[in-house]
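First chain A sits with chain B, and in the next complex the same chain sits with chain C.
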Partner chain A sequence: MERLFLKESKSTPFVDFDADKNILLIKGQSYPEDAFLFFKPLLEWLKEYLAGKVGQNVWLEVTLTYTNTSSSKCIMMILDLLEEAADQGVIVELKWICNEHNEYEQECAEEFKEDYTFPFEIVLV
Partner chain B sequence: MIHLQQLKKSLEEYKVLICFSGQFSQGIVEQLCEFIKEQMTESEAAKYNPMKVISIFVEQAQNIINYNLQNINHRYYDQLLESSIVTIGKTLDGFFVTSGNILDKQDYEPLVGKIEFLNSLEPNELKKHYKEVMRRDDIGVNGRGAGLGLIQMARTAKSPLEYMNYSINDQLTYFQINVNC
Partner chain C sequence: MDFGELNWNAILNLQNIELQILKLERGGVNSTFMKRSEWSKYEKIINKGTMNVIVFASFVIIIAIVVTGSSNYAMVKRSLTEKLQKEDLVYILKSISTQVDARINRAKDTSLIIADSPDIIKWFNDGETDKQYEAMFLQQMTGLAKTFNYTVFFTNKKTGHYWTDSNLLTDTMSKDDPTDRWFFDAIRSDQKITLNIDHNKELNQTNLWVNTLMGDSHNPAGVAGVGVDLQDISTEFNHYKIGDKSNLWLVDTKGKISISEDVEQSGGKLSDYLPEDVYDKIMSDSAQNTIQPTIVSYADKTGKVDLIFQKLSSCDWVLVFQINRSETLGVLNSIMISTLVTIAVVLVLLLLVFYLVSSRIANPYKSAIQLNLELENEISERTAKISDQNTKILESLHYAQTIQESILPGSDVWNRVLADNFVLWKPRDIVGGDFYWLKETKQGFILVVGDCTGHGVPGALMTMAVNSILNNIVVESDVISPALVIRELNRQLREALNKEMKDHSTDDGLEAGICYYENMGKLFFAGAKINLYVSSADQIAKYDGCRSGIGYIKSTFSSEFKDVELKVEPGDRFYLTTDGYLDQNGGLNDYSFGKSRFMEIITRTSSLSMREQGAYYESELTDYMGQAPQRDDITVVGFQIK
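Up next is the complex of A and B:
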């Protein structure tokens, strides 16, 4: 599958979904005017990618300093896809990186973590 | 000529740090976010995490942008567009974010109903409600936000959401919402 690579903008994160290495990165902040428009290609890419990864490892690394509510909803949709994939036998591991001084970021990560059963590690840096 | 000292005095009286009046756009929201971050890390507020202020500001501003987008065929569309204002200022122990814009009167009661409902919830109920709404509303249909902004504001606020309105004419009212954080 083709690598999905998006540069960071003021209101959208850096994205690097590398299908060869099975490493998916999202890094930055997310508060675009229309979050679904931004996340739709990511969701479509993931759906197709995860379908072919049963029995294989997939690593997702997320750093999000700020997300507006509609972006949070899209992040939830991404995590839902991972949960589904994990149920179907994809070996999913998520690392969510937070600034150790930023409680806001940590709370956001903790709150997502509550809803999922796949390995979800919050790393403070 | 504009009496700037008077304007300045009013801003100082209300302890306003940042004020933007006029038509919001995503570009303006982005610039103001950068500005808030700068202001809040270079000032006495440095210790304070600017994320709460930014979060409330972005939800308020994007709510206004979305409201106007839904009213593109409104008779008073131009007035709606120009009516927005946001102020960010100091309170005794934190910050306030207050924004205002013109609403069609038919939208006022439902909005106030939502705010009152959110104000009646305890923090754990708010969290539960937030997660429910996040799961329930289909973003594909309503791509421009899932009605989560107000809930997020209520969750971030350290006191109940405050609001006021001033009637303009039979159809329009000026609405303002204040969030302390």
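Up next is the complex of A and C:
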């Protein structure tokens, strides 16, 4: 599968979904005016990718210093996909990296963590 | 719903950029069309550039021509000088000397033949008595003269008679007559042949006399010989002259000029015409009897002079040829002139060529500028249009703001229901998705602080929908449960926005915090992603809303979702805020403002009135933001119950 690579912009995060290494990275801020437009290709990529990963490891690493409400909803959709995949036997591991001085990041990560059952580690740096 | 807002931002940005372009290009002057003076500015640039190229290229080519021209000049000059000295001067001198030598030698031979004629010697020794021989002698003499084209003369030592072929017996030698001195000198010299030259300036004649002793040199019968008119040699000299500044002299051993092409100089002294050292060299070298040509170069007031001299082989005389170098190298002047003419012609051609070439090179440049101007005009026209549209949109937005504000509760309602309060309402884009809603009921009042998805116009449209649904749900007479209001709002909103369609592309809703105060000191709170902060005498409490938003596809509120009931003590203060205030970035690390900081402000402002707190919250936020733009719509409501 083709690698999904998006450069960071002022209002969208850096994205690097590497199907060969099974490492998915999201890093930056996310507050585009139309969040769904930005996340739609990510969601489609993930759907296709996760379908063929049963029994295999997938690592996701997220760093989000700010997300607006609609971006948060899209992130939730991504995590829902992972949860679904985990239920079907994909070995999903998520590492959510937060700055220890940024209360907002931590709260955000903790809120997400509550909703999911796959390994979800919050790392303070 | 976001489309309109996107457009609006794009328009604002575009206009900004274009205004900057205009400012850059026009130095801040906004004019719709380019002025004439600005055009001529470009033309000046073109002309200046073209001229620079022409001047530079001309300069380079002229230098090249001058360098080649002058090196040619120098080379030609050197080789010409060399040729002049080694070949031309020698050739001229040798030609003349050979000619002069031949003439003199022939005259000497002829003289010897006639002087040694035994019949004539005998007739002279006999005292010219034989009249019969005299007649024969005269006939012979005139015959000889005719044959050789000489003047033939005989002079008898015994009688002193001087016979010539033209006047026959013309004179008798006398020792007292100075004009006869040559005769006595010749007899006395004891030399077989002596040469003598005389000049007749009136007749422009120069004669060479070959005086030959007749018979025995020690006891000659007389002196005979021939006289040669050297005028033709003098004329010959003229042929070798190059220009006016050359001289050809035949000089005798005493430095007297015997023959010159200039009759005025004949008989004069050579030393009058030459520098002393050159004259001395000629005299001393020629005395050494060598007949090789010698070249001397010197400078006098007329410039550089080349001089060549050679002793004649037929006698001791010296032939001197002097020429001013400017004459021999005259050809160089024509080289110089032709070089200058070439430079002038090349320059004219260059200017012509460069004018043509540069105008052709400059043309694309000109058209680029023309195109640029057209684009600028187009941009300014569009900018004007956009500015026009912008104004319309802004007017429209401001009107929308008036409408949105009109549905927000006015200060009269606040003052009626509450002891004190403040409202910080700052939509990001004039209008927005944040709102607050206050309604007086029979038992008390209900307050809603909400944040609909989206900002600007789409957000504002959502607030209108939510506003009307709230008006439907809340009936004044009812006892109200905020949790029930939220549940009902969720249901109606999902219905209104066709949430059952499960179309992900529109999934909109809101976050809300709802307080219902029932008289006699009870406050009920329920929140969807919005918390309630309460500041009481000894502590600050936070009551979290549920983690689900209202009206979204996945939003469900089970029966377990219930109100929080609070007992209100006098002096308690309540705060509701949307995420705009809490999430605003700023500070040193550009982090979000955060709940902790928010709660710190609550603590810090406990001694202030609610009205004063409003100003404090606003200035805290402004300080924290610094230069960062507002991220989201912001609403903070604080109140104190009567």
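The definition used in the following text is that the second predicted complex is superposed on the first by the 125 of 125 C-alpha atoms of A that agree within 3 Å, B and C clash if a C-alpha of one lies under 4 Å from a C-alpha of the other, contacts with A are read in each partner's own complex, and residues count from 1 in each chain.
One rule holds in what follows: a residue touches a chain if its C-beta (ideal position, glycine included) is under 8 Å from a C-beta of that chain, and two chains touch if they have at least 3 such contacts.
Just so it is clear, the structure is predicted and the values come from calculations on it, not from any experiment.
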When chain B and chain C are modelled together on chain A, clash or fit: clash
Partner chain(s) touched by A:Tyr104 [first = chain B, second = chain C, both, neither]: both
More chain A residues in contact - chain B or chain C: B
First (chain B), second (chain C), both or neither touched by A:Lys73: both
Contacts of A:Phe36 with chain B and chain C, given as first, second, both or neither: both
Which superposed partner A:Phe14 touches (first chain B, second chain C, both, neither): neither
Among 116-124, 152-160 or 620-628 on chain C, the segment whose C-alpha atoms clash with chain B after superposition: 620-628
Contacts on chain A seen with chain B and repeated with chain C across the two complexes: 31, 33-34, 36, 65-66, 68-70, 73, 77, 102-105, 111
Contact set on chain C toward chain A in their complex: 2, 5-6, 9, 451, 453-455, 504-505, 507, 511, 547, 549, 552, 579, 582-583, 585, 589-592, 594-596, 631-632
Complex contact set, residues of chain A against chain B: 10-11, 31-37, 65-66, 68-70, 72-74, 76-77, 102-105, 111, 115
Chain B residues touching chain A - in the complex, by the definition given at the top: 26, 29-30, 33-34, 49, 51-52, 54-55, 58-59, 62, 65, 127, 131, 134-135, 137, 139-140, 143-146, 148-149, 151-152
Chain A residues touching chain C - in the complex, by the definition given at the top: 31, 33-34, 36, 65-66, 68-70, 73, 77, 99, 101-105, 107, 111, 114
